[in-house]
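Order as written gives the chain letters A, B, C and D; numbering starts at 1 within each chain.
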Amino acid sequence: MIKIAIVGGTGYTGVELLRLLAQHPKAELRAITSRKEAGTKVADMFPSLRGRYDLAFSDAADAELRACDVVFFATPHGVAMAQARELVGAGVRIIDLAADFRLADPGVFERWYKMPHSCTELLAESVYGLPEMNREAIRKARIVGNPGCYPTAALLGFLPLVEAGLVDTDHLIADCKSGVSGAGRKAELNLAFAEAADNFAAYAIGGHRHMPEIVQGLNRVSKTPVKLAFTPHLVPMIRGILATLYAPLKRTDVDLQALYEKRYAGEPFIDVMRPGSSPDTRSVRASNTIRIAVHRPQGTDLALVLAAEDNLVKGAAGQAIQNMNLMFGLPETTGLGALPVVP
Amino acid sequence: MIKIAIVGGTGYTGVELLRLLAQHPKAELRAITSRKEAGTKVADMFPSLRGRYDLAFSDAADAELRACDVVFFATPHGVAMAQARELVGAGVRIIDLAADFRLADPGVFERWYKMPHSCTELLAESVYGLPEMNREAIRKARIVGNPGCYPTAALLGFLPLVEAGLVDTDHLIADCKSGVSGAGRKAELNLAFAEAADNFAAYAIGGHRHMPEIVQGLNRVSKTPVKLAFTPHLVPMIRGILATLYAPLKRTDVDLQALYEKRYAGEPFIDVMRPGSSPDTRSVRASNTIRIAVHRPQGTDLALVLAAEDNLVKGAAGQAIQNMNLMFGLPETTGLGALPVVP
Amino acid sequence: MIKIAIVGGTGYTGVELLRLLAQHPKAELRAITSRKEAGTKVADMFPSLRGRYDLAFSDAADAELRACDVVFFATPHGVAMAQARELVGAGVRIIDLAADFRLADPGVFERWYKMPHSCTELLAESVYGLPEMNREAIRKARIVGNPGCYPTAALLGFLPLVEAGLVDTDHLIADCKSGVSGAGRKAELNLAFAEAADNFAAYAIGGHRHMPEIVQGLNRVSKTPVKLAFTPHLVPMIRGILATLYAPLKRTDVDLQALYEKRYAGEPFIDVMRPGSSPDTRSVRASNTIRIAVHRPQGTDLALVLAAEDNLVKGAAGQAIQNMNLMFGLPETTGLGALPVVP
Amino acid sequence: MIKIAIVGGTGYTGVELLRLLAQHPKAELRAITSRKEAGTKVADMFPSLRGRYDLAFSDAADAELRACDVVFFATPHGVAMAQARELVGAGVRIIDLAADFRLADPGVFERWYKMPHSCTELLAESVYGLPEMNREAIRKARIVGNPGCYPTAALLGFLPLVEAGLVDTDHLIADCKSGVSGAGRKAELNLAFAEAADNFAAYAIGGHRHMPEIVQGLNRVSKTPVKLAFTPHLVPMIRGILATLYAPLKRTDVDLQALYEKRYAGEPFIDVMRPGSSPDTRSVRASNTIRIAVHRPQGTDLALVLAAEDNLVKGAAGQAIQNMNLMFGLPETTGLGALPVVP
């Protein structure tokens, strides 16, 4: 059994980790911490967990964390990097669901997250936890920066095109749409039901923190630096991201369908759909699968890619467990086999 | 392994059976039938099943069904009773998710469902599949009439009060609210998004088919015949039923909380919540649990019971699998352990 | 033109007053106050008002208020009673959309709102602003306590039965369902989209502040004091209240349909629907109409009343303007003629 | 008074015309036709109209139509062109809310709508009813082809850029999102609440009928023929369209904000928002306003335009009335002054 702790489990990624780990045959949750909620039973905060978890939130007790095999950070940005050095020193592996270990360049991190990076030496060895790009490195990683929800969809959608050098990387567009849970479990007016329901808008037009993360990922596989317009939108639904991706093709004689099928052959969580398909977010709801369809809009020289994921699973907690499975030598799909919930 | 067939699996209870059976360690799905969709792969109709089911819908091939241990009918009313005799004769056990085997009195069936009952001799031996009422009979049953979604919530909510003879059974009220999936997978205008969203109303005021089913269940445990006002409402949500139940207390010196806790002690799928609780439907979303809270509204002589279930799981497919587990000697919770999906 | 000020117009009742007053041919908005937002243009906070209102929120400037004919208080409870004496002294009439002038008994107010009533002498002369009960008194009132959203629906629903002495007032039940905007424009976690969407639950089981208000209204027309169970529920929709009301009939030989039609004949905002109807909330969305249907559930001795209103219009801002029209001798429907928005 | 008939008023554009015309001081509705619903009162089909319209649907009585000043066709495609010749011959003016008179080239119409155009001589004189492009021609038109919902948003969004010759018209992208009412009042499974709620997807990837309409409109103002990728998406909301438009800039030294403000100065229904804005669909809900914001995404050479409209108002019935106002010499805003409904 893998001994596990979750730091900061009061948000949606925290409760989603709890939901998924309850199904995981090798997971043994030892502790879940929250300074603010110390002493509260997790099942009192989340009645959906009643009868399964008797555990209470604890104050971040270092001894308990150091006795674990792996610690998930489901915290605001900045928390994991403050605790990483000590834990790693104690032999504990870390999967950070926040942004502390996503951006390799501390300067980029600081520009976008408005805080200094306090753990740059571990940042240097950390691995970006997108298994379909970095599987081997993840297996050996001591620290995994679990990707953001939008970057997971945008990167897996663009990857085959950019790796193959088929597209003009100066003119990439990611028009992305997310359910409201992507903003976290927060009491904010713009996330209120009476504000967000029956409504649709773009947001963060001036620049969203996931933009540099997508650009970094694409630059790693592109021969030329990419330029990306990234427009996130808020959808009146709870879960789900759809990324609608546009890229000008440099050559139009390539079989895009075959390209995607080949690139993702054998990937347990990527479903390259048949030509002409349009994945909907509910077809992945509550599951770790991402469904991708690639198109050529008529009369244009564009590739159009549609990628649908559950932002809390493949876009967060599920991918974190997928990474854990890799890090501990388990079959990658362990505990992640539940089918999507439809309707 | 239990050899299973599903007759008529193109509706929501059908796809929910498929979702849940995929998690069941002892289930082996042999066939799924649909005359209209014969030849279509189930994963082409429900992309959420892609990668897990390679099976196609078949025309109702009797030979295949007769080779199974159990057949689930997820069909319109009237289908199961037409096929039951032959299947039971071949040693196949039946779980009918429609109404053919719910109402013991064929006259009541005929009055509410506007069709003659064509299989009254098997109706006589069939068992009403509410495990918390009829567990032992279900174990031995050849035919189980799986309860309706509203009756499951209303019966489990009222049961302790009525069994104990504590309430005036002349004045029971079940004010019930259901998500739209309860109406089935149908192209009907009143179920369209632009009609049902951001809207709320009662329906079937003149009489809903689940009313005689609730009354029948309560009469079985009541010393006096019950009179019930049952008002169903349509909630703009996909899944979930909340039953708000009112019953005038004949005595007010009884500890209702203790009554409920005792009655449902050891029930794996009933969660009697703490005093003062208000179960919400999402806390049981996609799970087989029903959560119940009992109250005494101030200044009245009423008992108020709140019961929340997922209409497609405890109210349909999950309860059907719970019944199957009982019928085949498995632990009752087998394959039904997934936690609710929140948020 | 009626010179108008709104105190505290940053909530949903405030913006709804602005929306409706923009259509009112006799309304002249002179000021809208908000201490916190002083200086902000209302159209910057509510882009839906762009192009129509150039006004900014001002700090509560007493001079400006005293120069108005009427001041609407769209504030938290406790504000209106603190300013009422001075305004009334200056000849300004007041319509309070909060609770300060709803409950005639200051002791009841204090028990439910947890604050002392600081203006009991004006409370004594204030009028409960339900035109269908108190039309003549409203015309002459200096202070109107505009009814709560639930009480408007519950009172108009129960009124004909209770006035006629037809029901057992010991056993009234108001099972009510409200859209989320009823809770106000607030950053609260339980009102967040990802919490409230695709979900349904009762709330405030232990006692809701609108209960004594409903009881007070019914007691005024009842020969015997009423006992009421009031159970509010939160519906995943923006606007709308449906009240499902149950009352045991003392006599069953009365034509309830005729009773309701007669009681509300000529009421411009009450639509008594045809027998067998089920009003849905969208059929009154954004309008001041309340639709009511009365039923006799089969096999019971109950009256069942369904009443649907828009909680922000007939349940708040629209009724406030209806009251203003009465107070200033205008036709009651002035400015309130817009049809419901469907779909 | 303008004597008006509506042909085919049982859909959402029909009921929206009824809602808006009820507010129009110069409109006199003489007839509304529906073969299928002849004899049914409109208020029985749409309870939201109760008390305002006593009219019943009639069979398409030609005499009645010929006595009107204007006939709105709120019918499926193909109906208006079959009746146009006779009505125009009788001096009646026509506003077609379907596609019969939108596409100037009958060949394009036939390719996309799969039916021959039966009235090409009137098509030749008909005017595309986008007032902000064709105001003067609309005033004199005998037949107006009222624009599609997506084309209204996309054209008004792209227009200033394309007219000014500022963008590379080979690479235009319109990533558009619509509420479900855009598909009409239909009993179709994919529009059912339990299918469309809590879900998001693109649709009609292979080609949507509004694409040639957008291209036609842009070609009229562009020096070079445009190439457009148009991707519509279905949003789980009732009303609203957001068009997210991308166009590569040929020059980056132009003040786009000033360009839009100047182009739309004086337009009563176009709100060019301040720099940095993100219009949300609810800010135009139930109103005829379209709100537009123009951006330059950082690090790219793109213009990004966001345009939000209510698909049933500016995208259909409201624009039709705007056209009627122009055709009959009324102030363009007559009857269209109601503010958006928020929340």
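Miscellaneous remarks
Operating definition for what follows: a contact is a pair of C-beta atoms (placed from the backbone, for glycine too) under 8 Å apart; a residue touches a chain by one contact, two chains touch by 3 or more.
Keep in mind the model is a prediction, meaning the values are calculated, not measured.
Distances between chain centres, each the mean of the C-alpha atoms, put C farthest from chain A. If you compare A-B with A-D, the chain pair joined by more contacting C-beta pairs is A-D. Rounded to a whole number, the gap between the C-alpha centres of chain A and chain B is 36 angstrom. Computed centre separation for the pair chain B/chain D is 46 angstrom, with centres defined by C-alpha atoms. We define each chain's centre as the mean of its Cα atoms; on that basis chain A and chain D are separated by 39 Å. Within chain B, the positions touching two or more other chains are listed as 12, 179, 181, 185, 194-195, 197-198, 236-239, 279-280, 282, 285, 343.
Those residues of chain D that touch chain A in the shared complex are 171, 173, 175, 177, 179, 194-195, 197-203, 205-207, 227-231, 233, 235-240, 242, 244, 246, 248, 276, 278-282, 285, 293, 295, 297-300, 302, 304, 306, 308, 343.
Of all the residues in chain C, the ones that touch chain A in their complex are 12, 179-181, 183, 185-189, 191-198, 236-238. Contact residues of chain B toward chain A in the complex are 12, 15, 18-19, 22-23, 46-52, 181, 185, 197-198, 238-239, 271, 273, 277, 279-280, 282-287, 289, 291, 312, 337-343.
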